[in-house]
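In order of appearance the chains are A, B, C, D, E and F, and numbering begins at 1 in each one.
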Amino acid sequence: MTDRIGAAARVVASTGTVIEAVTAPFGLPLIVTRADWLVAGPATLAALSSHRNRYDAAVIACFGDPGLDAAKELLDVPVLGISEAAFHAAAMLGRRFGVVSFTAALRPMFEECLDHHGLTARCAGFRMGPPFSGDPGTVAEERLDLLAGLCAESAEQDGAEAIILAGGPLAGIAPLLQPRVAVPLIDGTQAAVRLAEAMAGLMPRHPRGHRSRTLTGFAPEVAGLYAGP
Amino acid sequence: MTDRIGAAARVVASTGTVIEAVTAPFGLPLIVTRADWLVAGPATLAALSSHRNRYDAAVIACFGDPGLDAAKELLDVPVLGISEAAFHAAAMLGRRFGVVSFTAALRPMFEECLDHHGLTARCAGFRMGPPFSGDPGTVAEERLDLLAGLCAESAEQDGAEAIILAGGPLAGIAPLLQPRVAVPLIDGTQAAVRLAEAMAGLMPRHPRGHRSRTLTGFAPEVAGLYAGP
Amino acid sequence: MTDRIGAAARVVASTGTVIEAVTAPFGLPLIVTRADWLVAGPATLAALSSHRNRYDAAVIACFGDPGLDAAKELLDVPVLGISEAAFHAAAMLGRRFGVVSFTAALRPMFEECLDHHGLTARCAGFRMGPPFSGDPGTVAEERLDLLAGLCAESAEQDGAEAIILAGGPLAGIAPLLQPRVAVPLIDGTQAAVRLAEAMAGLMPRHPRGHRSRTLTGFAPEVAGLYAGP
Amino acid sequence: MTDRIGAAARVVASTGTVIEAVTAPFGLPLIVTRADWLVAGPATLAALSSHRNRYDAAVIACFGDPGLDAAKELLDVPVLGISEAAFHAAAMLGRRFGVVSFTAALRPMFEECLDHHGLTARCAGFRMGPPFSGDPGTVAEERLDLLAGLCAESAEQDGAEAIILAGGPLAGIAPLLQPRVAVPLIDGTQAAVRLAEAMAGLMPRHPRGHRSRTLTGFAPEVAGLYAGP
Amino acid sequence: MTDRIGAAARVVASTGTVIEAVTAPFGLPLIVTRADWLVAGPATLAALSSHRNRYDAAVIACFGDPGLDAAKELLDVPVLGISEAAFHAAAMLGRRFGVVSFTAALRPMFEECLDHHGLTARCAGFRMGPPFSGDPGTVAEERLDLLAGLCAESAEQDGAEAIILAGGPLAGIAPLLQPRVAVPLIDGTQAAVRLAEAMAGLMPRHPRGHRSRTLTGFAPEVAGLYAGP
Amino acid sequence: MTDRIGAAARVVASTGTVIEAVTAPFGLPLIVTRADWLVAGPATLAALSSHRNRYDAAVIACFGDPGLDAAKELLDVPVLGISEAAFHAAAMLGRRFGVVSFTAALRPMFEECLDHHGLTARCAGFRMGPPFSGDPGTVAEERLDLLAGLCAESAEQDGAEAIILAGGPLAGIAPLLQPRVAVPLIDGTQAAVRLAEAMAGLMPRHPRGHRSRTLTGFAPEVAGLYAGP
């Protein structure tokens, strides 16, 4: 998964940008519930901390953007989430954007994430496939026709001018679908890479002036972010 | 602080309700930033976990309600936050409620917390004192006249029919202020105790049907919540 | 109907709480339109007035909460509506709540009621049965399978973490349905009883300081509320 | 008061429109609280009922629009409230409208009324005078300079393109103020008269198909509206 | 088309009102996209300019209301759009209004237009027919049964108390449909005529005090509006 | 002005990006009113058209973003407005952003622009200077202390985590102010350049499949956009 995300990122990275894909050092293998999202936060911070000072911008490549708000505060470089990036990129490419995914079960999480980022008013609607219980690793290919149909409905009936392909299992599927869809398709990871580059140039390393504080009960990488620069 | 909260809770607890006030076993001594709020989440879960099966309902007695959404999912008893409880109680006692505190610096956090709980439309406005840099332990008494004035403005100009006294340093101040204010004053901890009792009777211990999962990198109490009942 | 409501209330009432179920002394037998809702207001106030000083809290057990805002103003004890209570209880038991009923015709009224109480943002969606023209007294049992299916859709597709069973004919049906539904089901009357108890302890009898005024053209019980304490 | 309203109405009425100003036959002399608003509803319905079939459209000339929603349902001709009319007229005369009144105490009621009519998004802001405890009958003239200043702030700083003069005591003041204000001033009664004429021509007498129902406990005029056409 | 619009307008115009139907002197024959809407703006201004001082109020008879905000600023008489008028009239005739059209493809445009006019909260929902690729000139008659069914759903399931027939091809169809629909049907052009009359009486010719400015690159009629009165 | 904008753009442009600053070929020298905004749209389209196929992305460097929605539709490369870019960049750099400008008179325009882009929920508030009637060319320097104070209030009292410097006269002032402000300052032009680069890499030249249409009454450059690729 980490490799696949790294590869997708490199496709759109600017010349000179080096992509390093990193797995969270601990936590849960899969993020599903609100509680999962919470504990994924410190795990994400640990990954960001252990590589600190080796990157100019960071992307949290997990839908739901765990740890994002904290990371923006604690780090002195821009940090973007892939949901956040998908919403902003879609909004800049078209006035109304749609969200398409392979299963209805993801709609609640995306609705809340969209609301958290404040862009609900720009969303033309969700078009989701039926419940799904197969292998997430192959669902994108298996449901390709379904996805093309949902994208057509999003564009033609909801007026979507750009469409976000939502959910981890759809990562990398955009190039296969784009020829069948009349409006731009957005891949969250790729949007995040481009927007992270943009923000890094706009607002370079920016010391946030935290004073050192002692955090107990967490992995040393997390506590290290509180110990100051 | 923990003792003061316990005492305030006991004032309104029903006969037969036993209040046990517990401090989070790790984390940070003070919760101020978004990152603080994130790391306070697992610390709160640890406290809730280590006493598991010994309570029928729980209150997270920290404005901002850290870990609240996760705790509601992971525990089989009702869990309420004191901000959450204050907003709901105020909304049930009056159609428009005001929020009053001793310093403007708390407004952004309360605005976001109010928005998170979805009750922004019920809020008649914030009335906050000027910036403050003294001792939080005595500010409530020192600014008592200021607070009475802010409450009067909230009721008379904003139309507040109930007023939330917001911020940890105002805990327990309601009885002193109430005689000077024409509308009900809400203390978050006390509201939470009464509402937790109410919910415990409405929805007794309710197994949530989680399957056991392995969480790494966190204190054993937190991981224990994922290990199943 | 009044008996059935009283029985449901007693199931959840705390030890020591005495439930007295009262029918409005005049008005209309059934509340359907906006105009009905208006005239049900003074009828509700009359019932509340004629028993004044004999209760510590009141529940208006009619969906749509007629007279609620006026009663909160005129009485010196907490008053809750069953719609209001259902929305608040659901919001405290789960971050997203669903609303389920046996017929689509009730959706507009509930949407407006939800909006009036300011909790629209917390609602995950409505799942309503098809138009219905049979006997309301038996519809709950007849459509039990339908209701179980709607609850499942609400939980699985809308992400509801608690579900309100809406509409008078569903009063008391929750115990029959709960074993078939994975998330807590909320009965408005029962929620209102528990929340009214909670508020009564938080904010005991609270003189509102009205001056005496003369109201003409209404039943003496209603005018009596204006005549002062 | 009734005479003054009638006179203001006649100033803008079309040729051929006859204005009949009617006082509610019972209720309260002054409408201030939510409870007042509720009981004013049936009183307004009684006035509308006792003249039934003698008018082609009706205006409820009380800020807060008591009984409006019920009257729209029960009568077969258009009924408009003066708050409702002011908001719609202002929205049609300018993209952003302001609300100006002589005292801050009226803001909560107008905010709720604006929200009830759904036009909050069009309001550029409220500009209200300081608390007031004098004679409402002369406040408009006494605070004329204050009102002119508030209107200027509304136009210049809030970007108001039309301004509503809100509150009963400002009825009829618009012609005195308009020469000192650069944007159109709206008088609610006058707006309501013109809009009621417009609606009467658009949607003439329209039987609503109610079946006859028995309403008890109210004045015969109110019950009469339920007895059918 | 222009003739048909003029005829519909005359049906509801008051005695003494003269309707002059005018075609935009340039631009595009059909307005579909956002860009079309933009360029239709100056074209509409040109039509309004070339007849200046010959009318007391103007109606822009194109759904989407091109040029409306600019026209309200530049002209000294009331200007209404037919979408704007339909929304306001529907809101005054019923608390919840529905929007019905023959094809889903029009929903996005109407949603945005509704949002622009700030009345989204009053809309009970859209009921649109399936995609359509036939002759717009005859679709209203061909889909009359479909439209009657959609109106019934809007009233019965969405609770619509008035219904807007949306889209140019439905102009003039209301009289055919009204006998089959239980709630008032709104034709945008007719609503606009009545409301323009209302506003003209409320706010007669009102010099806006523009200073003369030079606009280059546009047709002389458009530049003329900037040259001052 | 055009030169100053070009210089600011070049400061943040990536290596390899060539900035060409272009003035609209016709229209008005200053954009103030809604009507100005409308006519600036075709003028902007003309500038974009006359250089077509010579750029990979475009920025409309005028607050209010005239012609933006149309340009996004008509061109096959990304187009960004500087208001749009400022809002999105600020939202990605901090959860709450403030808007600061030298005069209150700009607030209404920015509020509407913010609402148009759908990011109102992310805005922590406006902090604007008093009315201003001097030379816009020097106001930024003259009011530098005022602006620093407004930025401090935005950060400390409104909780802004990034601040947009709004209004043409503040272009290029960010480097002077940044040392005095604790949170990132956003210059709209610079944000737009970085975001346009990002979008150009994400969604390269993308034929929009328009059919050729005839637009009359506009400058040939504008009509040319309708004539097809």
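The criterion applied here is as follows: a residue touches a chain if its C-beta (ideal position, glycine included) is under 8 Å from a C-beta of that chain, and two chains touch if they have at least 3 such contacts.
In this text, all values refer to a predicted model and were calculated from it rather than measured experimentally.
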Fitted rotation between subunit B and its twin subunit D in degrees, CA, nearest 5: 120
Chain pair with the higher count of C-beta pairs in contact (D-E, D-F): D-E
Longest centre-to-centre distance from subunit B, chain (CA-based): E
Inter-chain centre distance, subunit A versus subunit D - centres from mean C-alpha coordinates, in Å: 51
For subunit E paired with subunit F, centre-to-centre distance based on mean C-alpha positions, whole Å: 31
Between subunit B and subunit C, centroid-to-centroid distance (C-alpha), Å: 26
Residues of subunit B engaged with two or more neighbouring chains: 34, 69, 72-73, 95, 121
Chains grouped in pairs wherever the two touch, ordered by label: A-B, A-C, A-E, A-F, B-C, B-D, B-F, C-D, C-E, D-E, D-F, E-F
Subunit A-touching residues of subunit F, taken from the complex the two chains share: 12, 14-16, 69, 72-73, 78, 80, 84-85, 88-89, 91-95, 117-122, 161, 182, 184, 186, 190-191, 194-195, 197-199, 201-203, 206, 209
Complex interface listing, subunit F residues touching subunit E: 25-28, 33-35, 37-39, 41-43, 45-46, 67, 69-74, 213-219, 222, 225-226
Subunit F residues touching subunit B - in the complex, by the definition given at the top: 95-96, 121, 124, 156-159
Interface residues, subunit D side, partner subunit B - complex: 34, 104-105, 107-109, 111-112, 115, 131
